[in-house]
Amino acid sequence: MDQVAEGASVYRVKAPTFEGPLELLLSLVEARKLFINEISLADVTNDYISYIRSLSENKSDKHIADVSYFILIATTLILIKSKSLLPNLQLTQDEEEKIGSLEHRLKLYQIIKNSSVDVKNNFGVSIIFSPLERVWSDPVFSPDPSINISSMASCISQVLANVPKEKEVLQEVEIKKMISLEEVINSLTERMQSAIGMSFRDFSKSHGAKGEQEAKVHVIVSFLAMLELVRGGIIDVIQHNTFEDITINKPQDI
Amino acid sequence: MNLETQIEGLLFYKGEDMTIAEIAKLLSATKEDVEAALGNLANSLSTGALVLIRKDDSVILGIRAELSPLIQSIRKDEVTRDLSKATLETLSVILYKNGVTRSEIDYIRGVNSSFILRNLLVRGLIEKVMDPSDSRRVLYRPTFDTLAYMGVTSIEQIPGYTEVRKQIDQVMNNMTTENDN
Amino acid sequence: MNLETQIEGLLFYKGEDMTIAEIAKLLSATKEDVEAALGNLANSLSTGALVLIRKDDSVILGIRAELSPLIQSIRKDEVTRDLSKATLETLSVILYKNGVTRSEIDYIRGVNSSFILRNLLVRGLIEKVMDPSDSRRVLYRPTFDTLAYMGVTSIEQIPGYTEVRKQIDQVMNNMTTENDN
């Protein structure tokens, strides 16, 4: 994938041209020449998050709806990452299913993406044409009682009513997705808190986020950074049992 | 692909008569070659449903005479069948936007309308005219018979016409902006 | 006049797709007879300019793909080949799954596909049909035009169809067994 430049640990996504989260995710996995599985997904989570952060910082209106799709997938990636960093973290059956289904979706998407190249290469190259529209003999006026002023008026209003109004459709979907992000993060936060006996409620508060979208992304970013720290923290906890309170500084970056 | 097959494809596509000279030019062949190929084509068609009809210097692909009772009955079926909801909706678009292209109809309905248009044409409910502002474009409009059947002499007489027309034009505006990007 | 010739005449006259059931009814034949006659027709057409395209329970006559350059050269409008990446993906899902709901498409692609679907509908590259197993559900299917643009006379002839289909089914099966609900 030429959008992704190889680096030591972080893949910098240069041009934000991914239409959807699965496309982005697949390109990250393929750029590292990995198979689609939990391990590879955990590996690319940080890259994924840095990409959606760049998306949410892009202020153009057009991106706002799009970001929500990316965030939705981010929730599952967080689960996968959490699991890989904290192997003793217990996930619910529902969460395990979510992880499994993301893997499947990505595999399906990979199949479709590859086959869409075949479609592209064959589409319109050698066409089986239909004959031009023709009416064999002179038309004979053949009306039907269903043609009258009132039926025509109701038909046209039906047609006009069915013309989609762009914004509405997308927003409805968006709202549902935001809820699921909050659920995942809140519940994971609580479980980890009790698992390792520390509080990071303050930590996950967003830092000067400008919009809702941006705040969500901040939450994810903070959370992932936190996870990395917690992993280090766990080792400390095992070594020195007296460790009760860990002060965590505001992260600069992941 | 041999010449006779090319001619068959051409005639099937056009659905109207073509002169030998036209065919020869399109296929970069001599008139003599075309004549010979037409002979072969007539032979190879002899077992199927189609026939090559020759009139002076023109040919057209038609349906074998033995099949005409069948075609008559289909035609009757076509023009007497109840109009579907989709057909009526298409007609209403053509009625209110008096003079509309196929792609405009498709856009406003959100589906492809080609077969429906053919049915409306066969029934004499709509007709095709050349767009006065662009001779390559074909416009569809209701026939005079259709208006008369509805008891009006012009579209503007239909109650609520102005309002509906405004809404249609608005949708069509979106179409041009969408295509622009 | 044998059944296959009658069918050829019928399809030639109509110039649009017809279901096996419609043909059987018009010709007072059984569906089995029509199926058999269609097989014969496809054979007898194999030497000429026409081909029979089959999709689900319908058939239509078209002009052999080898004649595509010729027809393109006489068409007034250029055929648009350019489909966006997103459009191609959506079309691929519909082609290889042949009968898929909008939510399944969204699920596979990870984004909302409604505008792309509308666009494909308007272009006549996909169609909406009622799910035979659940009348409240709408399925998207490829159209005859899609097959025609791909230059194939049946969906199975699309490059890699069987293989891709198998891969999809495999992943889908794993999905259902794991979720098991």
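To keep things simple, chains are lettered A, B and C as they appear, and every chain counts its residues starting from 1.
One rule holds for everything that comes next: contacts are C-beta pairs under 8 Å (C-beta built on N, C-alpha and C of every residue); 3 or more make two chains touch, one makes a residue touch a chain.
Because the structure is predicted, anything quoted here is derived from the model rather than measured.
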Innermost chain, taking as reference the mean of every protein Cα atom displayed = C
A count of C-beta pairs in contact puts on top the pair A-C
From the centre of subunit A, which chain's CA centre is farthest?
-> B
Per the C-alpha centroid definition, the whole-Å distance linking subunit A and subunit B comes out as 46
Cα centre of subunit B to Cα centre of subunit C, whole Å, reads 22
Could you tell me the distance, in whole angstrom, between the mean C-alpha positions of subunit A and subunit C?
-> 32
By residue number and range, which residues of subunit A touch two or more other chains?
-> 129, 131, 133-134, 136, 164
Can you list the subunit B residues in contact with two or more other chains?
-> 12-13, 15, 71, 110, 114, 118
In the complex of these two chains, what residues of subunit B are touching subunit A?
-> 12-16, 71, 75, 79-80, 82-83, 85, 88-89, 91-93, 95-96, 108-110, 114, 117-118, 121-125, 127, 143, 145-146, 149-152, 158-160, 164, 167-168, 171
Going by the contact rule at the top, pick out the subunit A residues touching subunit C in the complex.
-> 19-23, 65-66, 69, 73, 97, 100-101, 104-105, 107-109, 111-113, 115-116, 118-120, 122-131, 133-134, 136, 164, 166, 169-170, 173
Subunit B residues within the subunit C interface of the complex | 1, 5-6, 8-10, 12-13, 15, 26-27, 44-45, 47-50, 63-64, 66-67, 70-71, 73-74, 77, 103, 106-107, 110-112, 114-115, 118, 136
Quick one: in the complex, what on subunit A touches subunit B?
-> 129, 131-137, 139-144, 146-149, 151-153, 155-160, 162-164
